[in-house]
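Here chain A shows up in two complexes: once beside chain B, once beside chain C.
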Partner chain A sequence: MTNHVETSSMTPDDQPLDQKPVRRQPSSQHQDATTGDGGSGKSFGKLAARLGLYVAVIAVCIYSFFPIYWMMISSLRPMDRLFLDSSLVFWPPDLASYTSLFQQTNYLVNFMNSVLMAVGTIVISLVLSAFIAYGATRLHFRGKTTLVASMLFAYMFPPLMLAIPMAAAFRWLGLTNSLWGLLIAHLAIALPLAVWLLWGFFKSMPFDLEEAAMVDGCSQFEAFIKVVLPLSAPGLITVGIFSFLLSWADYVFALILIMSDQKKTLPVALASLLGAHDLRWGEVLAGASLIALPLFVIFIFCYRHFVAGLSAGALKG
Partner chain B sequence: MVQDRRVVALFIGSILLLGVIIGGPLVYAIMLSFYSAKSFVGELQWVGLANYAKTIQDPLFWQAFANGLMIALAAIFLQVVLGVGIALVLNRRFFGQSVVRAVSILPYFLPTVVACLIAQWILDPNYGLLKSILASFGIGIADWSAQGVTARGTIVLVSVWLWTPFVITCVLAGLQTIPTQLYEAARVDGAGAWRQFWHITVPGLRSVLVVVILLRGIWMFNKFDLIWLLTKGGPLNQTETLPTLAYRKSFLEFNLGGGAAVATLSFLILAGVMLIYLRLFPIDDAKQGR
Partner chain C sequence: MARISLQHVSKSFGGGHGPSAVKDFCLEIEDGELIVFVGPSGCGKSTTLRMIAGLEEATSGAILIGGRNVTHLPPKDRNVAMVFQNYALYPQKTVYDNMAFGLYVRGEDRKEIDRRVKAAAVSLDLEALLDRKPRQLSGGQMQRVALGRALVRDPDVFLLDEPLSNLDAKLRVKMREEIATLHARLGATMIFVTHDQVEAMTLGDRIVIMRDGVIQQAGKPLELYDRPANTFVAGFIGSPEMNLVNGQLVEDGERLAVRSGDLTLRIPENTFATQEKNVTLGIRPEHLVIADGSPLEMSVSLVEQIGAQTYLLGMIAGHKMRAVFERRDEIRSGDKVPIAFPTERLHLFSSAGGATLRKTEGRVAVHAKECA
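Our next item is the complex of A and B:
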């Protein structure tokens, strides 16, 4: 399942389909064939190799997951034991850090700001990138390749090369300390990626489908809305996920464009929490866990789309 | 074929909007770098290349450049080595493979701020987990943020933890494209695992790695949030990089022109390095055309 996604997303063109089942064989032959032949010395070596593999796998899991786990169990400890307790269990969980987070900080307001930014970024970047990517694959004009290549080029720009002029321009546009301004900034980082991903989807969609719809009396616009968009649902979901991630995780632009506590988004609010009250680690870790929670939910339900977009270079990081 | 006017109109409209919100700031950034602005509200004054001249003569600029290069190179090297290693492990067949693969890319999903807070929590010299573990062995621990070496090391460490999953995912996909017959033939010829790795796996992954290193290089060099969250460029500018310097100049010293000049110069340096890199390691079209 996951193999399939990764393979098809990374190299759709040069990967013949019939190779997928084949590729697993060397390792499985290697491993399984020997369990049958029962030679004592040989199978001992194979057993050791198998054991080594599982040790490595467990090491990878601990390395990847333990820091996240540690954050979550720390946030569930009673606050007076937070700095003393280094046990690996959190039972019984204590929600004191969370209640304190909600009572003593603007966390809910900041959370809503983040949700607003994310929803706005998803909706607007989906609409605009769908129009652009569709036009770039179906209309005839010069400079198409330049247009698409310039989307990739946007990867290269230092974020501050956008943030500095935006901060200055927003001053005389009246968008200083405004969530509208931040939304523009989030669109500026999400759109190039969205266009790039959707362009790949629309390009691979056969033109015959729209043509059939247009023969039946649809206009090209109607064919786009009724035929192309529904069929590119997986691409739209991928674009939506990554637009959400870019907006949800953004620290740079929110730091520079937003000043008041009431308008901060989660990443900046959380970072300033640590600076403002030292040793507020309970609240900070509870807040960090809550930022990560929606991400984990999305991750579990949209893992395929995530991997597909990831290997297409979707997330700047 | 007749082109629907609505499609054309929406396309042009969207492109113009995109041009305004991305192209506009870029042009304005380059423009700002030729002006002197003492504050965000003050008048702009044309100074020509003075901002650039000042920037190039500033030893801090070159120190920031060297720091950024050092951090980026160390992080990329470790990300690639670890990423290839983990991908090779996850490419074997074992129980729970798909779950473990999902877990291994989980860190990439976290916002940078969360990863930085976790790192600060674990590495805290007074209350951190690392301190408690080492203390039980009777080893003391110093504050990582107090010294240049450990501060840079921590930045590299967190970068590696956060962004190695990108390498893992790409390498796992790349491994599928290597024909298995090659390994079988090598085994028949008596090549061991080590030689198979260097003579089949590495060449087979070459085109993937060229792209991965390029992208990771760009992103590491432009990295601002992680460094700012962890060290703010300290101690004593030991972890100052070009992005943090541009931020410091623009938003703490209110020297907009200077900040814009640093950002523009760092972009030019990056573009130059990328051109050389692409000349040395051309990306073949099959891989790029994804």
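Our next item is the complex of A and C:
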């Protein structure tokens, strides 16, 4: 049998690939001609879908950001016009609320308390979660996955349900009205989430890199420090941001565990400005704006790492 | 450089109670030898290599490098260098830092590090790439960096775990030649793991063929090709693989022959043990010859022209076989080709277990020699 005979006996579907385009050409032209109208209909549909998406995104952005915008411009409104003027744009801004906040409250002390708590939570949760998550991914022991998953169990309860028994335990330990106690409470919330995120991150990292480092002369600990950690920057930044958010924005634990004005963190101190007979909205809004400011700054600078870290955790966890 | 001794090494996963990956592995690797572990996926070749590197702990047995028992030493204390299948280059470091990392960790003098890295870069043609990150390199370049990283360390042993498997066919051949040249130049002890028998045959001073964690045969490439210890080795070494036919040993006149259906082939005298009745006859496709007037014919069902050679697939006396000849343009599918089986090229194996029946050789003898 010759190749020629074999080729001529082929059905169109059996033909070699290089012959197919020649055969198919007329039918594809026909298709192009007939789908001319359908094509414009399709592109209109695409345009409408894209427009709808933009409208939805803009609506969600307005919904999310308007209260923050309102808080900020209200903090810059003259105090006597706070309840009279509802304009969305005005000039000049008035810093009276900020001045009053710093002069008449313990804002700077409370700010330092919040910073201490946030920094402590970030540093300790980063260090501990990195070691725990690395151990959980690299060491073999029974029930490992269940153990890591159960660390998130605490998130199923409202913070108040955790804060009350914690307050009782801290009283017994002598940690009531102590920033150390509050730090432990913040870590109890931040650490499981941090371990969960880094667990997903380390799982996605190939073992070969550490093994190469170990053959190159590192112990496993050195391989972790010199090779794994530098590659984990997105995950570590995400953990840092989450820990900061949890600590910086905490209200419930600080309210229940801290009593003295000198040890209050910003959210609780700010809430205490809203007395029963004295509603100092200007100072409250100025204080709230200052609380939100670091969040914006951090998010803007770390946005890319934050998303990368979250994705790694979500996909590989 | 150093001699390596693997003495009754075994590896079981699951705390020693799980499935066995390597069983009673015994091998002596001479100083400066390039030895290739080859076998199908899951045969234990990479596990054995990782045990030598210290990345897996042997469940039992002893591993000696340069006379030093390293069985329980961590990888960093074994003075071995390893090239990984996916290169395992540190993505955050430049090519220079990747190559220098092992020396930094060991606290070498900066000037000495610089000298060694640059010397390795010259020998591997990496000078222009030293400032690049791994993501900016091609597969072949990454492979060369991985080799360079091993090279600068001046280790006792080079371990290469399927280093060419991620490269395309052309680059693979080029890198294979580079590794062979490197070995010839350095005279280093190297262990190369692959599942590709062509790589094994072309690179290895000796080849160790493994299956299910057990050495099937260890020897020089042509020894394995000419005198396979069993049907597994016979089928694994050589492409296309050896034709194997199950049959019975019968008397054919004054000579012994193997009969299987309509096929009766005389075997050479005094070459094989003949006490077993059920045997497997083997002949390599390239050892079949076209012989006008031969009573045996191949009914050709498929012709593959690969250039210098012609591959045939067809039936000979009711048995499906492959044949390889020097280029024969005239053969077509459906043709009948007269075929002869050169007696001296025949192999005979036991049907029970597949061990060779060739006298004085066999897997048991080879294994006993290694484990002595």
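Assume the second predicted complex is superposed on the first by the 237 of 317 C-alpha atoms of A that agree within 3 Å, B and C clash if a C-alpha of one lies under 4 Å from a C-alpha of the other, contacts with A are read in each partner's own complex, and residues count from 1 in each chain.
Quick note on the criterion: a contact is a pair of C-beta atoms (placed from the backbone, for glycine too) under 8 Å apart; a residue touches a chain by one contact, two chains touch by 3 or more.
Remember, predicted model here, so these are calculated numbers, not experimental data.
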>> For A:74 in the superposed arrangement: first (chain B), second (chain C), both or neither?
In response: first
### Query
Once the shared chain is lined up, is A:54 touching chain B (first), chain C (second), both, or neither of them?
first
Message: Going by the contact rule set out at the top, does A:139 touch chain B (first), chain C (second), both, or neither?
response: first
Regarding the shared-chain residue A:168, is it in contact with chain B (first), chain C (second), both, or neither?
first
For this session: Considering only touches as defined above, state whether A:109 meets chain B (first), chain C (second), both or neither.
Result: neither
Counting residues of chain A touched by each of chain B and chain C, the higher count belongs to B
First, second, both or neither for A:285, with chain B first and chain C second:
first
TODO: Considering only the touch criterion stated at the top, classify A:219 as touching first (chain B), second (chain C), both, or neither.
DONE: both
On chain A, the footprints of chain B and chain C overlap at residues 1-2, 219
Within their complex, chain A touches chain C through residues 1-2, 206, 208-209, 211-219, 222, 226-227, 230-231
Residue positions on chain C within touch of chain A in the complex are 53-55, 74-76, 80-82, 84-86, 88-92, 101-102, 105-106, 149, 153, 332-334
Within the complex, chain A is touched by chain B residues 2-4, 6-8, 10-15, 17-18, 21-22, 24-26, 28-29, 32, 37, 40-41, 86, 89-94, 96-98, 100-122, 126-127, 129, 132-133, 161-163, 165-166, 169-170, 172-177, 179-180, 183-184, 208, 211, 215, 218-219, 222, 224-225, 228-229, 242-243, 246-247, 250-251, 256, 259-260, 263-264, 266-267, 270-271, 274, 286-287, 289-290
Given the complex, residues on chain A that touch chain B span 1-3, 6-7, 9-15, 19-20, 22-28, 31, 53-54, 56-57, 60-61, 63-65, 67-68, 70-71, 74, 82-83, 86, 128-129, 131-132, 134-136, 138-140, 147, 154-162, 164-169, 171, 184, 187-188, 191-192, 195, 200, 219-221, 224, 245, 248-249, 251-252, 255-256, 267-268, 270-271, 274, 281, 284-285, 288, 291-292, 295-296, 299, 303, 306-307, 310-313, 315-317
